[in-house]
Amino acid sequence: MFVRTIEPAFYDTDALGHINNTRLPAWFELARNDLFRLFTPDLDPRQWRLIMARMEVDFRAELYYGSDIEIRTYLSRLGNSSFTVTQEAWQEGKLTNVGHAVLVQFDHQAKRAVPIEGALREALEAHLQPLEEPVGA
Amino acid sequence: MFVRTIEPAFYDTDALGHINNTRLPAWFELARNDLFRLFTPDLDPRQWRLIMARMEVDFRAELYYGSDIEIRTYLSRLGNSSFTVTQEAWQEGKLTNVGHAVLVQFDHQAKRAVPIEGALREALEAHLQPLEEPVGA
Amino acid sequence: MFVRTIEPAFYDTDALGHINNTRLPAWFELARNDLFRLFTPDLDPRQWRLIMARMEVDFRAELYYGSDIEIRTYLSRLGNSSFTVTQEAWQEGKLTNVGHAVLVQFDHQAKRAVPIEGALREALEAHLQPLEEPVGA
Amino acid sequence: MFVRTIEPAFYDTDALGHINNTRLPAWFELARNDLFRLFTPDLDPRQWRLIMARMEVDFRAELYYGSDIEIRTYLSRLGNSSFTVTQEAWQEGKLTNVGHAVLVQFDHQAKRAVPIEGALREALEAHLQPLEEPVGA
């Protein structure tokens, strides 16, 4: 599991006085940087090997500007060429959001999925932490 | 069904040369303005009556900068106090994304859900178009 | 002069109940699409010929969610390889923001400025509308 | 002077493979959190005392995804009710951007500027570091 702290900016808020819902997919992408480094160690976009197939975010409680947010990131499923990243947002001890992103190892030139094998597969398995409940189903 | 056209901006792209995945939840929120007017006709945020409970977005094809995107918005479920908004993104005749947002009619002062009744319920029913497949469940 | 209408999204607001200041540079970039087409008619990012050197935005009045914003875009200066784009945001008959962006015609492979000549220069001159007051000074 | 580190997210890039220009005003606002705490220690938006009057950003070099960015924030001018915040972005030892934001202490209910006095003025003076060159000229 990877753990990150995000400090909200004023522009992350909306007129309801809380963090706008569209910021969660953005923060979750930022927090996937650790995972991205397993695929592309120097994060060079020209060597990018991933594409998003699906995202889900549950909103269980509101997030606010003015205190840090902890993002926990782990794999909840590892398939042949795709995997599910589960991410949690916590603020002041409360779980506010759970997100699932289905990512696919992808050859952006050939526009096709690529199996996850060898050392990369082992590196991902080290962050695999199956959910007790089925994901999005 | 509400239909909108969105013109991508350069900042909507990412280093893969396509539209970044985090823009879909944002564009879908913009396209819900028509629906928001059923709840708050003048869109005054101080009279806001909705909160997001869940969002899902499928990424079926890439979107690109340089041609318009059509967003189609309709209700696929209408519950007691919550409903599911289904949204499709189309570019050059191709369905690229399908999103589902579960919204709840919500009293932001009392912090509780409010049943959808009367004329508002009828107005929402006019945009109800049940999915053939079950939504995210 | 190019004229565009932008409809604010809920996520454009912030906790002060108005449009967040960081949205202006974004909307101004969107509204420069018309100008970008003079350099790259199909807006293909691989053929991009511009880079930003400087931006300025004045905030004269607040912008609000719930009513359309008109963006007016013109050139206020045309130099050898650079030019200044001046942009105004108007809402309900009030000028709320004036922005200036200094853009440079740029060869992204060679990483150097390129003089603006011939038909392109003429096309830009058609949108040149010198300011009465000096820019940023 | 306040110093912050920002880690770029993939969504901060654009199709040119670098960080999009619209992210600088956003990152600079995030980095002003330290300064905002001098006005509103708990950052409660309902007690907000600032409004933006003007922003400027110079783009001297490109920023890239994959390595951290240092933001340095200080006051370069302290007027009666307004002040100028100067911010620098550095990546891998290179100064890439300089920004100036003119902020005004502001009563959002009364919609008027408020003089900066007493302990607050002293706290701001401690971060005052006059520029050698005039701002915006």
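Letters A, B, C and D name the chains as they come in the text, with residue numbers starting at 1 for each one.
Here is the rule we go by: a contact is a pair of C-beta atoms (placed from the backbone, for glycine too) under 8 Å apart; a residue touches a chain by one contact, two chains touch by 3 or more.
Keep in mind that this is a model prediction, so the values were computed, not measured.
Between B-C and C-D, flag the pair that has more C-beta pairs in contact.
C-D
With chain centres defined as mean CA positions, report which chain is farthest from chain D.
Of all the other chains, the one whose centre lies farthest from chain D is B.
What is the distance, in whole Å, between the centres of chain C and chain D, each centre taken as the mean of its C-alpha atoms?
22
Taking the mean of the CA coordinates per chain, how far is chain B from chain D in Å?
The mean C-alpha positions of chain B and chain D differ by 34 Å.
Let me have the rounded angstrom distance from the C-alpha centre of chain B over to the C-alpha centre of chain C, please.
Going by mean C-alpha positions, chain B sits 29 Å from chain C.
List, in ascending order, every residue of chain C touching at least 2 other chains.
Within chain C, residues 10-11, 13-15, 17, 21-22, 26, 29, 45-46, 65 contact more than one other chain.
Enumerate the contact residues on chain D facing chain B in the complex.
Where chain D meets chain B, its residues are 10-11, 13-15, 17-18, 20-22, 65.
Which chain D residues qualify as touching chain A in the complex?
Residues of chain D touching chain A: 7, 9-11, 13, 17, 26, 29-30, 32-33, 36, 42-46, 65-66.
Given the complex with chain D, which residues does chain C contribute to the contact?
Interface residues on the chain C side: 14-16, 21-22, 25-26, 29, 45-46, 48, 51-59, 108, 136-137.
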